[in-house]
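The data blocks that follow each hold one structure.
In the two assemblies presented below, chain A is common to both, partnered first by chain B and then by chain C.
What follows is the complex of A and B.
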C-alpha cells in the first residue's frame, strides 16, 4: 500500500522546520505563518488569542487541505510590533493562561476528590483514600 | 488530542476457529482499554525506541489461549482471559534491550498494560467473542503506545462534555417552545452553580461567558484527572515548541514527547546552517547549538510540562546558543536566567527568558545582534 504513515500527521520529519514565516509583500505589517504538523487545536487557539490582543488588526487561519498536516496563520498588526513578535507574545500569554488553569484545576481537585470538601479542623484538605489509590498516584 | 494510552496494535492469530473472522477479532481487541497510568513516562513510542522491532520499553505482549470443551453451553471469551506476558522475559521482541530503559519500567504501575478491571469482580469483563464446543482462539497481541489522532483506540476519553451559561442568560441560543421555554426545557446539572436570569433586570448584551463546564469521562485506561492534566501539558508543549520554532531554533522534539523531554537534540554547533544566520557585518555567524546533547554551552534547557507549580519547570528560552560558531554578536543568553519559566500563574507570562527576544530589528548593527531586555515578549 502507498498510504503514508499515519504518524506523519504529527511528527516532524528529519530536519523539517516547525514554523515558517512569510512576510506579506502587499499588506503592511502582515505575515503568513506556516506551522507544520499541527492542526485546528493549535490554530484556533492562537487565532482567538491573537484576536484578543489590541495590537492585532487581523488574525485568521486556514487548513488548506485536510490531508496536508499544516495550517497557515495570517496576522496583521497595527505596526507597533511585528507579526512574529505578536505571535510569540500570544504563545507566551497562552502558556501562562494554561499554567494558571492547571494550577487551579490541581487545587480544586484536592478539595473535591469525592464531590465533598474534605477538610480537617484547620481547613487543610484531607486526602481521601478512595480515589487516588491507583490511577492518580503519579501526581 | 495526545494523551497517549496503550492499546493493542498488532495481533498475530495462531488459531481462530470461532465464528468471527480474524480482523473482526483484532478490531475488538484493539478497542479494549488497557491500564495506561503514567504511560507517557513509563513507555516509549516504538518509532522513538532504539530497538529494531520492539522491546519491553515500547511494547507489551498479551496472550489469549481459549478453547471450549463444554458441549452444553456457549463460552464467553472476555478481556479477563488476556494474559500479559511478563516484561522480564528475556529476549522479548528478540532485539537489543538496552539498559537505560529500566527507569521507564520502574515508573509503571503493577497492572500496567492489563485490561482494565482484570481480577476485579466488581468490573464486568469485556466480551470479545463467544465460542461453542470444539472452537478455539489462540492469539498473541502486541500493545503499543499511540495517540488518538492516529487511531481513536488510543483515546482515553469515552465522553467529553462542554457547556457554558446553562440558564442561557447570554441568549447565545434560542429555545424552541410551545408555550414557555422555561417550563419545557430541562436545566442541566451545571445550572445549580449559577443564578437564573432575573426578569426585573434588563438584558446585559455586553456580558461574556465566564464559567465553562467540562465533563470528562474516560474508558478507565487513564484517570479523568490525569487526562485533563496531560491535555493541558500537551497544549503547553505545542505552544512552547512553536515559540522555539519562531526563535529560529528548530526544536528537535517531535512536539509530542510530553513532559520533561529535553527540548533539544543533536548538537550541531558548527553546521553549515550557521551560514544562513551569519550577520552580514559580523561574518561570524550565529550558530544555534541545539540544547540538550552537550554542545559547548553545556546548558540543557528542559521545559517541563505541567508548569503549574512553577517551581521545577524551567523553560530555557535559548538552549545554549553560539556554542560552536564563535560569532561576534551572539545572543548573550544563559539559560540560568530562565528560572521561573512559564510557571508563574500570577503574572500570566513568566519572568524568565533573559534576552531571548524575538527578531531583533535588523538595523541594530550586526544583524541579529544584542537584543535588549525590552525586545522580547517575556518581560512585558
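What follows is the complex of A and C.
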C-alpha cells in the first residue's frame, strides 16, 4: 500500500548525486561517505578492499534502514591520504581485481571449449578413465 | 595411496590461516585475517600481482542449464558480491503488463497475470532499454505477446486446448523488432509451463507487455534459478592418533561415500578427489572414539559456485555478465569519488570540467 516504488532501489532521482562526503569533525582524517542507490553488494566489497590497504586505519559500513536504498561508509586513514583519495584508489584496485577475474574466467572457458587438455578438480590433466573424465556430463 | 602428505590438493590449502573450523555446534575462524595490521611484522597489503598469482578459476561441470566452477583466492566479499549480482542485478526481460480482454477461466485475472510474469523469456536483454514508470512504450523497450485461446470440445468428446501453456504465447512484432530479431522469435525458454487449465467454452484473451528489469525489483527478472556457493570441505586426520583398524569402516561411514579410503589392512586415508562431495554432516564428531583424531575444516577462500540459468543467458555467460554489472557500479563510484576530489581541491585546481553537471554526470579526461 505505502511501500516505496521498487524502481527507487536503483534509479537515481532527478539531480541526485551518487556519492556524498561528510568530513568527520571529531576524528582526524575520517569521513563518512553516503553512497546512494547501492546496497550490501557494493558496500561490503568496498569495505573489504579498504581494509586491505595499509593507509586505512578504519573502514566500516552500515545500511541504516533496509527500506532506504543507500549506505554509509566510514573511512579513517593514517593521514598520508584523504579518505576520498583512498576510496578512489580502492575503486581503481577493485576494477583491477575484477578485470583479472574476468580474464581468468573467460580463459578457463575458452580453454575447455577448444578441446584442449582437460584438467580435473586439482589441475591434473585427465587421461580419460574414472569419474573426473566426465566433468562435462549433463544432468 | 593418497593421504594429506601425498595430496592432490595444492599444499597451501593446508595452511591453517585459510581454514574455517567446523565443530559439533559452532564454526570458528570465519573472518579472513589477511589484511594489513593483523599479523605483526607481516605485510598483507593488497597487490594486483599477488592477487593474480593466487587467483584460480576452474570449471567443474557445464551443462545446458547449469555450471559448477571453483573460484580460489578471492575474499568472501567479492564472491558474495557476484552471487548477489547474478541473482538480483543482471537484467532480463519479463512480462510486466497484462491487459485482460477476456478471461472466463477459473484462474482469476491477477493470479493469471502473476503466473504470466514469472515465465522466463528467451530474449537477449542487450537489445532492449529499460522502461521506467511514465516512459512511453515503444519497440526498443517493450515486447508484445498475445495469448488468445479458447477451449472447445472436439470429435469423440476430446477436449481441445485443455491446457494453456507458455508455448501458446504469440509474439506480436512492433516497429523494427521484426528485422532486429530475425529468426530469433521471442518465446518462453520452456514451452511446457502450464499457465491455466480450461474447460470447454472457457476463453482467455490477454495482451502481454514484457519489459527489461532486474531481480531486485521483482524475482521474475532474475536470470538464475539458483546461484550459490559453498566453501571447499577439508578433512584433516591427526597422525598422532590414528583410527584403529577395527573402527576403520565405522569411521568411513561417517563421511560421504568415497571421501575416506580404507586400505585392506585397515589403514584410513582421505581421498582428496572426492573431498568436495563431503556434506560436512559432522557425524564423526558424535562418536567419542574418534575424538581428537580428525578435524573438519573448510577452505575460506575456495568457493565452489553452482549456477543454474533459467533465462536467455547460457550458464557460462552469467558470471561475465555479473562482472560487467559490477564494473559499471564501481566505475560510477570512482567517477563520483574523483569528482569529490576535484571539488575539495577548489575551483582553481579542478578547472571547469571537474564537477558533475545537473545529471550527476562527470566529465572524464580522455
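We adopt the following convention: the second predicted complex is superposed on the first by the 110 of 139 C-alpha atoms of A that agree within 3 Å, B and C clash if a C-alpha of one lies under 4 Å from a C-alpha of the other, contacts with A are read in each partner's own complex, and residues count from 1 in each chain.
Operating definition for what follows: a residue touches a chain if its C-beta (ideal position, glycine included) is under 8 Å from a C-beta of that chain, and two chains touch if they have at least 3 such contacts.
This one's a predicted model, so the numbers in the text were calculated from it and none came from an experiment.
Once chain A is used to superpose the two complexes, chain B occupies space that clashes with chain C. Contact with neither chain B nor chain C is seen for A:27 once the two complexes are overlaid on the shared chain. Of the two partner chains placed around the shared chain by superposition, chain B and chain C are both touched by A:93. In the superposed model, A:52 makes contact with chain C only, not with chain B. In the superposition on chain A, contact of A:106 is made with both chain B and chain C. Within the superposed three-chain arrangement, the count of touched residues of chain A is higher for C, of the candidates chain B and chain C. Chain A uses residues 6-7, 9-12, 15-19, 21, 35, 38-39, 41-42, 45-46, 82, 84-85, 87-88, 91-102, 104-106, 109, 135-139 to touch chain B in one structure and chain C in the other. Touching chain C in their complex are the following residues of chain A: 5-7, 9-12, 15-19, 21, 35, 38-42, 44-49, 51-54, 82, 84-85, 87-88, 91-102, 104-109, 112, 119-124, 131-132, 135-139. If you check the complex, the residues on chain B that touch chain A are 1-2, 37-38, 47, 107, 109, 111, 147, 149-151, 222-223, 225-226, 228-229, 232-233, 235-236, 238-247, 250-251, 254-256, 306-310, 342-350, 358-359, 376-378, 380. Touching chain B in their complex are the following residues of chain A: 6-7, 9-12, 15-19, 21, 35, 37-39, 41-42, 45-46, 82, 84-85, 87-89, 91-106, 109, 134-139. The touching residues of chain C, when paired with chain A in their complex, are 8-10, 34-37, 43-46, 48, 51-52, 55-66, 69-71, 74-78, 80-81, 84-85, 88-89, 132-133, 214, 216-218, 272-273, 276, 316, 319-320, 323, 326-327, 329-334, 336-341, 344, 356, 358-360.
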